[in-house]
Amino acid sequence: MKLIKAVIQPHKLTDVKEALKEAKVTKMTVSNALGCGQQAGYSETYRGVVHEVNLLKKTVIEIAVNDDFVQPTVEAIIKGANTGNIGDGKIFISTLDEVIRIRTSEKGKEAIG
Amino acid sequence: MKRTIFYSAVCLLFGATILYDGILYAEESKSAPSATDIIAYSLDNIILFISAVLVFFMQAGFAMVESGLNSSKNTVNILFKNLMDVSFGVIFFWFIGYGLMYPGGAFEGGWFGFAGFMVGNEAPVAAGGTLHPQADFLFQAAFAATAATIVSGAVAGRMKFSGYLIYSIILTALIYPISGMWKWGGGWLNALGFHDFAGSLVVHAVGGFAGLAGALVLGPRIGKFDAEGKPKIMPAHSLSLASLGVFILWVGWYGFNPGSQLAFAGSDNTNAVLLIAVNTTLAAAGGAAGAMMLTWTLFKKPELSMALNGALAGLVGITANCDTVSNGSALAIGLIAGFIVVFGIKMLDKLKIDDPVGAFPVHGLAGVWGGIAAAIFGGKDFMPQIIGSVVIPIWAFISMFLVFYLIDKILGIRVSREEELKGLDITEHGEEAYSGFQIFTVE
Amino acid sequence: MKRTIFYSAVCLLFGATILYDGILYAEESKSAPSATDIIAYSLDNIILFISAVLVFFMQAGFAMVESGLNSSKNTVNILFKNLMDVSFGVIFFWFIGYGLMYPGGAFEGGWFGFAGFMVGNEAPVAAGGTLHPQADFLFQAAFAATAATIVSGAVAGRMKFSGYLIYSIILTALIYPISGMWKWGGGWLNALGFHDFAGSLVVHAVGGFAGLAGALVLGPRIGKFDAEGKPKIMPAHSLSLASLGVFILWVGWYGFNPGSQLAFAGSDNTNAVLLIAVNTTLAAAGGAAGAMMLTWTLFKKPELSMALNGALAGLVGITANCDTVSNGSALAIGLIAGFIVVFGIKMLDKLKIDDPVGAFPVHGLAGVWGGIAAAIFGGKDFMPQIIGSVVIPIWAFISMFLVFYLIDKILGIRVSREEELKGLDITEHGEEAYSGFQIFTVE
Amino acid sequence: MKRTIFYSAVCLLFGATILYDGILYAEESKSAPSATDIIAYSLDNIILFISAVLVFFMQAGFAMVESGLNSSKNTVNILFKNLMDVSFGVIFFWFIGYGLMYPGGAFEGGWFGFAGFMVGNEAPVAAGGTLHPQADFLFQAAFAATAATIVSGAVAGRMKFSGYLIYSIILTALIYPISGMWKWGGGWLNALGFHDFAGSLVVHAVGGFAGLAGALVLGPRIGKFDAEGKPKIMPAHSLSLASLGVFILWVGWYGFNPGSQLAFAGSDNTNAVLLIAVNTTLAAAGGAAGAMMLTWTLFKKPELSMALNGALAGLVGITANCDTVSNGSALAIGLIAGFIVVFGIKMLDKLKIDDPVGAFPVHGLAGVWGGIAAAIFGGKDFMPQIIGSVVIPIWAFISMFLVFYLIDKILGIRVSREEELKGLDITEHGEEAYSGFQIFTVE
Amino acid sequence: MKLIKAVIQPHKLTDVKEALKEAKVTKMTVSNALGCGQQAGYSETYRGVVHEVNLLKKTVIEIAVNDDFVQPTVEAIIKGANTGNIGDGKIFISTLDEVIRIRTSEKGKEAIG
Amino acid sequence: MKLIKAVIQPHKLTDVKEALKEAKVTKMTVSNALGCGQQAGYSETYRGVVHEVNLLKKTVIEIAVNDDFVQPTVEAIIKGANTGNIGDGKIFISTLDEVIRIRTSEKGKEAIG
């Protein structure tokens, strides 16, 4: 099992969710973060003091999937989030040792979906 | 009561003056203000000043309602627009607008006139009902700023700040005073017998239809309608502030409507003011109740943001006719205004017009309703009411459509897609409203 | 001063009328309002109207205090209840309540009377101290809405919206007017000599004890008391809004107390109003200071939410007696009210009663204290003060307990466990107060 | 108009009193209040009371501005300081301050006097322009609380609550009344011919320079200046609340300035009040416009927080001279005040002085500007204006520097580094302002 | 060493913390997220427009433990969070290569606790 | 490739960012959390009821790096965040199977930087 973690632009979330739905991936956990990457930030002034903001708002999607679902999931995320602009984001994939459904104590493949 | 006895005594000593309000006396001695005249003059002008203060307080209410009902990423922008509406509004209405709106007797019955720049400071001969020009200006300036600020809600989230300032100056310096003159400046609508006591049309419909023009020229916010044209939710970032704003507006309206009597001393004036105040209250209550019950029926849940708009619609609806309807009619006018606003908001959604705070249904539609209601419930002639309730909106809509259109052609009226998505606070002002708070739009 | 000379001149020309307030004249000529009478009539009614505006502004204050002191997930619900309290309150008090509360001379000294539905609009013969029924209604309606809105804080977070509306209508249409009639409508408590100047009992204790009844019928919010019955923290989601609300209430109280003089012209009235205003100020200050110092002593840290409640308790405590105590006594009454509220909140925790905003200690306990203080500090007879301060709370508590009990039996008064946990905003209204903000309860 | 006819009739019957304001009559009959006198007395005192209510409302404005412009972790602390400023301010100004500030004729032209503890309640003989001591006290107490509350913004985020309470009591009981007496209590500055109509110097500069003293004794907040001394951003946690606060202050200023006429009946008074009200409005508008345009030029973006300060600076700048300048001059005074505040804030940054809300530029610098502007635009003599505008700030700065210094030596004035970083809400009060909200400082 | 990440219902956090305490697990990092799973969402109306909210508020607990602590920790979480209803949440377990205590630069077993 | 996740004191973020910049690490994702560790909390009172707050505000930094960058990155974090006080925080390191840049669909080493 793999954990797919995608950092995307906040306003692309709806598109990504749409694309994931088409790929039959409906379970996910979403949170927010601030990202610092190639994308230039913007400058904020407050009372005449200028300040470079280089931590930009990002949305993080985490999806736990069985190995055969990794490819379609990644493709769906790219399809939904890609605009070709810097700041589109990244996908990080790591291995999950175990997944447990709290309600039933099911484990592994049964628990993930 | 000691008090009553005292007054009776005074009364006797003064010669048991057996006078009722309204007994007619042919002779007037205008040049000689009696002590009573002077006190009446003070009372009238001071209470009008207090009414103006209440109307200025409405700016705080508008700022809270309009920013509260929008997304947090455009909060600074909306608050700033409101602040400049009142600041530039006061300055330009003082410099040009007041002279256009009150050009004086020479232009009676006319379409346009000008009394000159700026506002005089010559004290009139003191008499009850005589207003000092500074008092009158202050009260009218607060009205002009109200008309201007209504629009900022309708164009929220996508209009450039620079273009907005230009709009705001043009409205308060020219558009609002010109149609205002038709009625309150003694112009042709007044001559026709059109009745608009405190400005359902003159103030609110002008703002509401100007807002509609702005919303049309700008087009909807990105994401307001999906690919199939179905409306989507762009929710309020603070219903607390929006509710606070409505309570403040309700309170400020006690300056708007009762203050529009413009004179307070004398029992006729006093009695009128009191009826107006109660009617205003019942209409606001009716509007909130009407919108609440209608949303409960239609959407299965009572919806606060609609009930808030309903209260405002009730207040707008009673503004033209509060002096001439009964308490019961006031309640009915408010209730109907509450219905109108709910259907109006649904209608805009159907027409794919994006008016983020409902400025058009609340001020435009309920404003027209107020004008018509003066005929239905207030015994005013239908013809003049219909003419006034049609002509003023048309004037505001067409003239402001042109203004917005020209601003668009010359400067560009709408921010870029990216600026809109990031929010106007960061892109136009480099400032966030809620620093440190995690704000997160996920859908 | 030119002014003084001018008035002296006027005075001379009028015949150097050597009159002091209160000189008794046997003859009255009620049918003949003099110019002075008319001005006094205008002044009285207009200032009462302005006082009513200030009292209506208190609705904004209550909305902010009650929503601010609760969790963000119930904010829409509380704001909505406040909006409907004033909307339905005004409508039903206009339709029924006013006639019940002021049934007229025929019911003097009685327990119950009815003057008929709705409110008249016949102008009285103008005279100082004579109120237009519309002015009187407006002022009294603002009071009725105040009594109603107090309860929404005590029942916050768990009461169904529909049940709340029923409660609110019953309180403003029946319960409040009936006990109100006993005192202000000239009923038996008034005949007894009970003194409650502006409504520590008539308004606040009615609201406070009705709130207690509601809190008891509903039971505490889930999580307020742990398994062993120890109280747990359910913190305020916005102490900014709560503080703003208290400042607004403080300001609104200047309409509540000084306005309750009901007449302003004449030096007796004016002097009374000014003393009342200063006493109100000192009691509020004393309440805040008292609660602050007590929390610092008891809990080692000065606590804002308690000091805010303390200021309100000071205001409630002075309401019954502000016309009859000295400045120094007012300060003492406020200080003691500040202590009472802190102990009252601790007591409720001990009794496992959940009153989320402290409505009962602030309005109920400090209200009773206000009635008693009129005897201790204000020289009023103890017996009538004690009777009034016991009977009105009992009336409000028992009648409203029944109302809440019946609402519960018939409709169910409390939302389901899941609805409560998710918050009433989503489950009752499908609307969130702070869209986009990350709000997160972790403990 | 029926009304005009009615008044003319009254006028005729009273003997066609041919009187203008200001005609001099040698004889006065002070002991005999005529009906007109009594009405004028009522009007004057009641309107002064209403003005005091508006000034008290400013406390809500200050609380919102000062907390809104600071970080969310210090919100409870600032709100609490504001609440106690007004509470202790009222109590101690009542107990000592009022007697120091208005010591009576015996101390005319002097530096110091004392009329005794507490405030009298003996009604004066009713006459226009005669104030009841309770009315006068209420109005003045609201001013004293204003002076005190200005400082809480300048010392925000690092000053101990206990030390703040001591400061607040000393300011309202001693420092403010003493310099206040020099001008308004009939002291030496008054004798010199110094003009400060409503307190640009007496109130605002005292608060502003006391704030500067506090900011200097405390030093800047951790993180305000980086290692090289460059200023860093410590942004506002709620520009909504800050904007609301400015709108409230603007409204409250209509009590502050027009109310300072202290008498309202009689056409001279009324006319003065109206001019003052319009001037106040135009100066506020000018201040907002000036600061907005200047930030747009200097920083390339129009900045809201500066425009808000600009509006306040315009209001402070007009306060000393609103009775004596023309509308056009008022606009100019406001505009220049708007510029001053922007440069003042930049200057403080250069001098590495940390005044989180800009209390010194807004109240201190614009206060001095108001005093000088009374000479430039208002035709007042330059010498007295310069002396007053220098001496009062020096008095406030030196005396309060000493007070803050002593508080520091005796109690320690600043919280520990860790307390400051965690925020004063948790460390001083154990309470958070926004429970449940995710608040996150990332840079 | 393992990283245990549990997505639970917000109002069960207190119970889970209680259960973890009993299991002698006291160190953890808690954050919030929005979750999309089997659990049905709710519908929100705003100004008459209906909207299906299917991202529900969730609380995320992350606990780094030595391998022998995995079992008791998982059991404690289940004990605290289980109600038998859909939406109870899931537990994701992955391997940690290293843990470092910033204060002391201690690594591994010493650092984790 | 490794994922470095550091839990630090919020007010040390600027210092950590500074130190990372010197170490040429400029990409990262930052979020906030509440932490429970050795650090004692504080007590909050509300209306006279005392409450022990033991979840303290923390900032979480996540950085995906190639293996040779792990050491300098960890050192930079420690340099920026260490004060020697309890509560300084911890660093958790795990293995990433894959990193994908959404914009270009680049993978692995190219995508990470």
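A few remarks follow.
Note that the chains are named A, B, C, D, E and F in the order they appear, and that numbering of residues resets to 1 at the start of each chain.
Methods note: a contact is a pair of C-beta atoms (placed from the backbone, for glycine too) under 8 Å apart; a residue touches a chain by one contact, two chains touch by 3 or more.
It should be emphasised that the depicted structure is a prediction, and the values quoted were computed from it without experimental measurement.
The minimum number of touch steps linking subunit C to subunit D comes to 1. By number of C-beta pairs in contact, C-F leads over the other of C-F and D-F. Chain geometry summary: the mean Cα position of subunit D and that of subunit E are 53 Å apart. Spacing of subunit C relative to subunit E, judged by their CA centroids, is 47 angstrom. The geometric centre of subunit E is 18 Å away from that of subunit F, both derived from CA atoms.
Contact of a single residue of subunit F with at least two other chains is seen at positions 17, 30-32, 34, 44-46, 55, 94-95.
Contact of a single residue of subunit B with at least two other chains is seen at positions 7, 10, 14, 17, 19, 21, 35-36, 39-40, 43, 50, 235-236, 238, 244, 265-266, 269, 299, 301, 303, 305, 430-432, 434, 437-438, 440-443.
Under the touch rule stated earlier, the contacting chain pairs are A-B, A-D, A-E, A-F, B-C, B-D, B-E, C-D, C-E, C-F, D-F, E-F.
Contact residues of subunit B toward subunit C in the complex are 1-14, 16-21, 35-36, 39-40, 43, 47, 50, 54, 71-72, 235-240, 243-244, 246-248, 250-251, 254, 258, 264-267, 269-271, 273-275, 277-278, 281-282, 284-286, 288-289, 292, 299, 301-305, 307-308, 311, 326-328, 331, 434, 437-441. For subunit B in complex with subunit E, the residues that touch the partner chain are 231-236, 295, 298-299, 301, 303, 305-306, 342, 345-346, 349, 358, 442-443.
Of all residues in subunit E, only 2, 6-8, 31-38, 55, 58, 60, 74, 77-78, 81-86, 88-95 touch subunit A in the complex they form. The touching residues of subunit B, counted against subunit D in their complex, run 7, 10, 14-15, 17, 19, 21-25, 27-43, 45-46, 49-50, 52-53, 56-57, 59-60, 63-64, 67-68, 75-76, 79-80, 82-84, 86-91, 94, 118-119, 121, 123, 126-129, 132, 134-135, 137-138, 141, 161, 238, 241, 244, 263, 265-266, 268-269, 428-438. Interface of subunit E with subunit C (complex): residues 10-11, 13-14, 17, 30, 32, 42-46, 57, 59.
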